[in-house]
Structure formats: structure tokens, C-alpha cells
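Paired with subunit B in one complex and with subunit C in the other, subunit A is shared by the two complexes that follow.
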Partner chain A sequence: MIFGFDPSRDPRKILIWTLVALGGLVMIMPFAFMISTSLKGRGEVYDLRLVPLAPTLENYTYLFRETKFVRWFLNSFSIASISTISVLFFDSLAGYVLCKYRFKGRQVVFVAILSTLMIPTEMLVIPWYVMSKNMGWLDTYWGIMFPGMITGFGVFLMKQFFETVPDALIDAARIDGLGEFRIFWEVALPLVTPALSALAIFTFLGSWTAFLWPLIVTNSSSNYTVPVGLASFSGEFSTEWNMIMTGAAVATIPTLVVFILLQKYIIRGVILSGVKG
Partner chain B sequence: MRAWYHARTVGQKQAVWAWIFLALPLFFFIAIRLFPTGYTTYVSLTDWNLLRPKNFIGAANYLRLWNDPIFWQVFWNTFKYLLIGMPISLVLSFLVAYYLDQVRFLQGTIRALYFIPFLTTAAAMAWVWRWFYQPVPIGIFNLILVDLGFSQQPFLRSTSQALGSILAPAIWAGLGFQVVIFLAGLRAIPETYYEAARIDGVGRWTILKEITLPLLRPTILFLVVVSSIGFLRIFDKVYNMTVDGKGGPLNTTRPLVLNIYQLAFTDYRMGYAAAQTMVLFLVLLAVTVVQLRALRTK
Partner chain C sequence: MASVSLSGIVKRFDRTVVVHGIDLDIADGEFVVLVGPSGCGKSTTLRMIAGLEDLTAGQIRIGERVVDRLEPKDRNIAMVFQNYAIYPHMTVRKNIAFGLRMAKLPKPEEDRRVREAAEILGLVDLLERRPSQLSGGQRQRVAIGRAMVRNPAVFLFDEPLSNLDAQLRAQMRLEIKKLHQTLGTTVVYVTHDQVEAMTLADRIVVMRDGRIEQVGAPTELYRRPASMFVARFIGSPSMNMIPGVIAEGVGAVGLDGVGTVSGLGELENASAGRRVFLGVRPDDLRVATEAGGGPLSLEARVGVIEPLGPETLVYAEVGGRELVAKADGRISLRRGDVVRLVADVDELHVFDAETEVVLRR
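On to the complex of A and B.
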């Protein structure tokens, strides 16, 4: 046995395990209630048992047919996908250059980018709003997306990870006559895929759950993202809790699926960027 | 052009490529982050309301907020979120991580259960919790209280309970992240330290106090800062859990970010809102600087 104890015989360990596991179950109770209520009909809402007596998908059918949730879902999905692709490309390119190239001004550029990490979004929304108003970006996809197309965090993360790529490899590629961009794209980038996958997951989830800026920049309901749409929808349906829970479930289930599929990468990514960053 | 390029040394060629690759990201960071920071600073010194041209009014917005009771209420609310939320979430997450670290059976699965709330949409979970807080027969918390023979609680409708009621899901959502970081910190402590202590016959409590906690100092500092910043920037939950997103009842739950949002995008008082974002920025900056200092002293 690990550390010389037999769990079946150590009552302290059994107690600890039980308490910690129970705490974990309590943590996911809100999801359980949310999903269970989203499957309940109007008559059953006040019955708080976890397994619905007569599970029905009628809330979901109503939500998809009569509200703009499908549209909001597609908005959020497109915006999160485009932002993620842009972040992956530009952050890794900038991180690569700052890590592997020696040139005058490199340190200044790095410090400038790093310093943007200190500036909270809340401080930037007024200028972004003014900029969007002047450029005609209010209430458009681009308006929602533009502040997140490149991130300082990602540049910093990728710069750290490119340290693991040996310089000799890049020099060898250069001697072989490979162009500078192809060295980045075909030699260096494939070696940092773990960092790329972590960055991709965080960027996607960050964009999917973003609230403040989409709330400010969108105006017409067909341009809402899922969280903004959910907030306005729930305000209207304020007493129909089964519908609100269905909306919340639609907003949450994609993140749960992403987590279940990519759990290993996500936890590793959190540790890498959290502990090192 | 081509002839010029081929005449360069290796180092000069690299510099050319570096600037080509960096051009767009650099333009982005200047246009979307650095310039707007300066712009907000400038707007905070004007009386701008989007309708008429800006007038430079010096420090008038800052004087106004100094004398504005709502600003002070909001400022104090924000610190309440921080001062109550941060210690509770750190103690809870440390306890979970400390005991979870001793568990082997299904450890990864249990860790995942704690972590899931961290990834989900805050706006959606705020509505789930808002539902939990409803009076009988809708809200589960009041149903449980009544079942156990207690009286119903107003929760979000009460000026004294609303802030705590919003804080609970905020702590719940951030807990898993802290557990994961604490677990990583605990695992980084070499097993030999513990073995040596055990051979010396040192008790569990002393090991925790003399070995584990001091060695976790960087982890704890990191989490103090990250969770402080999170609580100081609280917005999504308050917006979705209070009536019309106003931070009520009677502004008792309204944090700084919500106040800024209302001032700037409902009342269009851009100058005054900008001044309040400067306050937020300075507070966040102070938290980070204190962390860097504390890390350096050890």
C-alpha cells in the first residue's frame, strides 16, 4: 500500500475520504438541480426531488423554438472560435519572437506587453466603447471580439514554453535554408502543442463565459452572446424557474463537456500557468 | 529590397523578421491596451458625458467621489467582498487540498468535482443560486430551513444578508481553482521533509505548522493575490443576482465595477466613471505590488 497504510483498516483515512468526497458532491449539487429542473414540466417545478417524475424535453424545445438561444449559442461559438484561433496564432508568434530572436528593443517590447497584464478590463471598456462607436463596431461580432484577439497572458505563456525548444534545432533549420516563418510554423510550433492546447482551452472558455464587455457592446438581442442573452431572458422570465434553469443548462453544458473531455489538459494548464505565471 | 536584405548580417536579418512578426501584435497592444489606459486617465479629468465636447476639469471628479456617499458605500462593499470572501475561500480550499492530498482513492475524480464550478459561466450559475435563495415553496435553502424547524430567511431581499448570499456562489466558483493550485504546491514539498519529521516523532499539527505552511508561502501569496483581484472585480454575479442588475437592495451589494458600469453605460457619465476605474486600477496595482514585495523578502 502507498505510504504503508491499508485504507480498509485506517478509520481516520476513511473518515477523511468520506468528508472530502461528500464536499465534492455538494460542489456539484447546483448543476444537478439545474439539469433536473430543466427536465421538469411546469407542474413539477416546486417538487425539488433530483430525479424528475416525468422527465420532459419540452423546456428545451420551447427554448430552441421560441427564443433566440440558438442564435446566441451560434454567436458565442463563432466568437469564441475566431478569438481562439487568432490568440493561438498571434500569441505564439509574438512569444516565439520574444524568446528566440535577439534584437534591439526586445526587452522594451516584452516589458510593454507584460505591463498590459496589469491593466484591468474595467479600465479599458470606456475607451473601447468610444472606439467602437466611432468605428461603427457597436453591436457587431467584431465589436465583441476585437479586445480579445491577442492576449498578454498568452504571449507570456508561449514565450516561457518556447524556452524548451532548443536553439540548435532552429539554427539547423536555418542552415537547411528554411524561411523564418516556416521555421516557426513547421519546426518550433509543433514542439509546444501542450501549451497551445492549454491556451486554446482557456481562451475558448474565457470568451464563452465573458460578460462585461459583451453586455456593453451589444445592443440588439440577435447579437447577444449566451451569458448576455441568458441575463436578459432570465430577467423577462423571472418567475419561470424551469425555463431559466434550461437556459442556464444550455449555457453551462458546453463547458461541462469541454471539461470532461479535456480534464487532464485543463488541470495541467491551470497548474502550469498558475504556478509559473 | 532583396539585394538590401541579402547584404545584411544574420543578426540584422533576424531583427528585420522580428519586427515583421511583431508588427501586428505590437500595434494591437498599443492601440487596444496602452493607448486606452492613457485615454481613460485623461477622461477621468474631464466632465465628458458623450453628448457635449469634453471639458478639462482637473481633479473635480476625484473631489466629487471623495464627497460621494454612494461611492464610499460601493467602495466599502467591494472591500467586504474581499475581506470576507478571500480568507474564507483560502481556508476552505486549503482544508480540502490538505485532506484531498492524503486521499488516494478516486483523488482525480474528487478534485474534478471541486474544480467544475470554476469553468462554468458565472452568469448562468448566478441564476441557479438566485433560484436557491427564493422563498418557500421555490427556493431550496428556505425549504430546508423550514423543514428543520427554522424560520424562512429573506437572503437576497435583505440589506444585511444579500452581500453574503452573493458571496457564497463567488466562493463556491473559485474554490476549485485554489484547491488545484494548493494540491500542486503540497505535492512540490519533498517527501523526505515529512519522513525526517516522522522519524523525529513530530506530531501532525507541528508538521503542518512548521513544514507544510512555511513551504507553501509562495503558493499562499499567489492565491491571496489572485483571489483578492477576483473579489475586487466582482460583477457578473451581482449583476445577475440583484433586481434589474442594480446591486440592491439599497445598493448594499453594489461593487465598484457595477457602479462604474452604471455610471458609464446607463448614465453616460464617462468622466466620473473613468475616475472610479482609476481608483479600482490603483487598488489592484497596490495588491500586486504588495505581493511582489512579500515574495522578495523571503
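On to the complex of A and C.
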């Protein structure tokens, strides 16, 4: 409703428009400063002007040549991708079973899964660490990934969405001769793609920006993810703001790509999850 | 094609028994309609035949085979669902061919069958469309097409017309009947609509609370209902029921506050004083303007008049009770007119008030 209105007609809309514009400005400022700082030389960092006096790409050159940023980027990317694929598969499978099958203890299992949503990561970090240590997973990719391979949130989201798939469709597929897994894969799953897209975005972004657990479980700098790597630019005595901003600027790119590719689904997915959830 | 035989089938969900031991034999090529109010177990029975629900007890045969333990796909059946259940993400062609592809039929044979079904159902121009681009009637045709191409021994229909508007429903009803006449396949059809049951069925099975109330040809159920339930369920408007009591002497019933009907002949195990209901169908109740004899002749005051064109429904008050009669469409009556409602003895039904079983057919 915001677009295509004529402000001269309705003063209330001028107010709304102004507020929205201000909000947008507030949102975009950190990004503008991030880009701007990444283009500043070391001496100019604490000079808070938006347009650098002497723009330079030396931060970028340094980031790619002298640090392990490329490695961190690939680490983050593969971990986020694998987690996302795993979450999409297992969460939708679990959600489907909880939604469409009647079996003893179904409700108990569902409540148990939901209850995991109420435990904050900070509380889980210690048991995860102990577990990783016992299993020999410390400082490995699997160590970083394992807590996020299946998520309670995703199971919940998918279960709710599978409610929209009519049972008769599943019965029809049974009569058509499909096996149970293929009914899930070929009939039910294609009908919940908006939910899958939303879940993919949530999971990918969540994994991409995860900080606390990767920081704890990794030791060697070659196993760092992007956020942990960027944090390492902040030392005990000084913080290389220009490097952090440069790394952050590059790290924003995949999230932008994911969002642009899937935005029509995420908006639909968020709306739907609002309705369904 | 095949016969279907149910013996003693029981279905229990947790602690509730929804189907209490049904026995039913359906002949090869027969069109059988299971009808009853919602929750009577008709859909569950159909789903048990399809193999979508397990039996708690009993046995189902399709043709010579016992199918209790077979998967739905191995039972040689096809099913059409109330909400069509066609795959929204596939084209009409893929929807129809899906089962055949699963059965790994050779491609030319698959194409031939899809084309044949599409021609019969008038879907040829729609084959590349998606379900979202189809109307309700077209979607249901696709669902029927998907069932047809499988060349099943038995067609199962689960309230296939309930989601369609009245006009389309009548049209599809006719098409289903024609289809049955063309293919000659055994059909088991579930509906709660007695008009559908009457028009389609070779035999109707009236169900109530998980039990079979009566099985018979449509006219038999209409003319000779075995219980008050069947009498009320079949026919529209419902059969008039006048409470009364069996009087002394042979074949006489005293109607509460209205008078006595006699000449009913022998009533099955009926003793004087027993509470009964006298039933008479609206179409058997004639509206006469002058006094006349007859086993049933009631003075009535006309209330509401509903002209339907060829006939007129006359709601008239008799002794504080409203009865409905179906009169000729040309009758001229006004609210408040005093008339006589007359019926012949052959058209009167007597039901036990307690057991609701018929005492006189």
C-alpha cells in the first residue's frame, strides 16, 4: 500500500512515508559505514566520515593475500551448505512423519522436540563441548556442524506445513503404488517448497552467522569460520576495524545472494509461517 | 472385473468401534452405494476395501483373492476422493499417467490409455494444464481418469460429488452412471446424499452407527423400508411419522389425537397397546378437498405451500402435528384451507416405536 500513493493527497501518509524512510536509513547506515571503512586506510579508520578521503582497496588485497580469509569463507560456506541440506532433509522427514502418521507416542515425541527450542545455545555449549571432547570432534568440521544438523524449529515448521497437504493426496499416491518414502519425496515435499525455501534461508543464515559455538569448538585458525576469523582481528590490545569491516563486507555477499535468489519464497514463507505457526 | 465380498469386517480406532462386523456381497459389475449420515462408518468401510485402513477383524475378498494383507496397489482397485486428490504439481497428463508409470507400463500403452480416458472424459484439450487451471468438475474428471486408466477390477468412490455445485453434481452423476454402463466395472460408491444413492445404485446399503441397516434395490428401500431410520433417510421430503398405539382387533392403529386407522391386516408380533409409528410417504398422501373414505383420511389445515413446478409440497397441520404431502403442481390451495389427506392401505407403514423395526411392509 505504500507504493503508488500520492503524498499530496493524504498528510498521514507523508508521516508514514517519512518514518519508513528514516527506518530504512537507520538500517542502511551500518552497511554504508562497513563499506566505507573497508575502503579506508589504517590512519583514517577513526575518522568517522562516510566518504573516505583516500579510498583504497589495500584492505581487500591484504584480506585475500595475507590472512586465511578465503579458507574461513570456504569453511563457513561448506558448513552452512551441508547443515542446510541436512536440516531440509531430516526436518522435513521428521515433520512429515509427525504430521501424517498415527503412532503411539507421537505427541510425546513432538513435545520433546519442541521443548528443545526452549533451551538457549549458551546452556548447551558445555554439554556439546564435553560430548565433542569425548568423541574426538574438537577442532573438526563435524564438531562445528553437529549441533545444527537437525533443528527442532525446522521440524515444527515443516510439520505445520505438511498439515496443508491433504491426506487424500497421500492415500491416492498409495493406491497409485508409491512407496512411503517416495510419497514423501515426490508428492508431499514438492507441495511445501515455500516452507523449504524459508527454512533454507533461516538455516543458511543462522549457520553463516553462528559465532559462539564455532569459537569454542575450534582451535586452529584454519578451522575458523568467517565470524570467528573476523573476531580474531580483534586482539587483546588493538582491533583492526578496517580488516573486520572488509571481511564483514565480503561475508555479506553470500547472504545477499541467498536472499535475492529466494526472496520471493522467503516473503511468502514468512507470511505462511505466520499464518500457520 | 471382480466381485467384492466382505465378511464380518470390524474396525476399531483406539477404543471406539466404528464398524461392527459388516457382511456384504457385491456382484461382479454391480454398482453398490453405501449411504448413511456422517460417522456411520461408510467411508471407513470403503477405505478398508481400498487397503487404506487395516481390518480389526473379518475378511475382504476381491474376486477370488483374500486381500486383507495386500497393499492398496496390489488390490486391483482405483479410488476417487471427495477433494479430488489430484497432484497439484503435475499436469493433467502426468496425473492420469502417474499410476501407470508406477506400474512400469510401456510408454506407448501408457499414452494409449491416457488418450482413451481423456477422450471419454472430454479432457483432451486440458492434458497439458495444471490442476489449478481447472474447474471443480474438470478436476473430478481428472481424478476419474486417473482411476480409469488403471483398468481396475473395482472402482471405489468416496463422496466424489460433494464438493461440486448442484448443477454440476447432477451432470457428473449422470456421467458416472454412463461410465459404469460403458465399462461395466464393479463400483462401490459412498455418499451421504440419498438422491445420489437412489439414482446411481443397483443396490443401496444403508448404514447407521457402523452397522448395515438395510440392503436392497433403490425402489425396494423406498417402498419397503425395514426400519424407521431407512424410511426417513431415503426419500425427500422424509416419510411422515404419526405416533399411535395398536388397537384391539386385527390391523387397527389408534393415532394420537387423530383417529383410528383400520384394515392394516396382520402386524408382525404386535400386541394391543404397543406404541407404534404410522409412516406414510408425502407422495402417497393425496390432498382431497371433499370428505372421502379410505383407511387413512385425515382432516388437515394447510400451512406452508411450496410449489416445485410439476408438483407442490403441501405442509398441513393434523391434530397439532405437521404432515407433508406431495400434490399435483396444478393444485390451487391457500394457507388456512381445510383439506383431507388420504392414503391407501398399501402405502402405509407401521414401525415399532421402541425398536424402530417395521411391523408391516
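Everything that follows uses one rule, which is that the second predicted complex is superposed on the first by the 221 of 277 C-alpha atoms of A that agree within 3 Å, B and C clash if a C-alpha of one lies under 4 Å from a C-alpha of the other, contacts with A are read in each partner's own complex, and residues count from 1 in each chain.
By our rule, a residue touches a chain if its C-beta (ideal position, glycine included) is under 8 Å from a C-beta of that chain, and two chains touch if they have at least 3 such contacts.
In this text, all values refer to a predicted model and were calculated from it rather than measured experimentally.
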Touched partner set for A:Ala80, first subunit B, second subunit C, both or neither: neither
Touched partner set for A:Met118, first subunit B, second subunit C, both or neither: first
Which superposed partner A:Ala168 touches (first subunit B, second subunit C, both, neither): second
Which of subunit B and subunit C A:Ile150 touches, first, second, both or neither: first
Greater residue coverage of subunit A in the superposed arrangement, subunit B or subunit C: B
Subunit B versus subunit C as contact partner of A:Leu63, first or second or both or neither: neither
First (subunit B), second (subunit C), both or neither touched by A:Ala195: neither
Subunit B versus subunit C as contact partner of A:Met27, first or second or both or neither: first
Overlap of the subunit B and subunit C footprints on subunit A, listed as residue numbers: none
Subunit A residues touching subunit B - in the complex, by the definition given at the top: 2, 7, 13, 16-17, 19-21, 23-25, 27-28, 30-31, 33-34, 37, 45-46, 48, 90-91, 93-94, 96-98, 101-104, 106, 109, 112-113, 115-116, 118-120, 122-131, 146-147, 149-150, 152, 155, 180-181, 184, 205, 208-209, 211-212, 215-216, 226-228, 230-231, 234-235, 241, 244-245, 247-249, 251-252, 255-256, 258-259, 263, 266-267, 270-271, 274-275
In the complex with subunit A, residue positions of subunit C that touch it: 47, 50-52, 71-73, 77-79, 81-89, 98-99, 102-103, 146
Contact footprint of subunit C on subunit A as seen in their complex: 166, 168-169, 171-178, 187, 190-191
Parts of subunit B lying in touch with subunit A, wherever the complex brings them together: 11, 14-15, 17-19, 21-22, 24-26, 28-30, 32-37, 39-40, 43, 96, 99-100, 102-106, 108-117, 119-125, 127-129, 131-132, 134, 137-138, 140, 143, 169, 172, 175-177, 180-181, 184-185, 219, 222, 226, 233, 235-236, 239-240, 244-245, 257, 260-261, 264-265, 270, 273-274, 277-278, 280-281, 284-285, 288
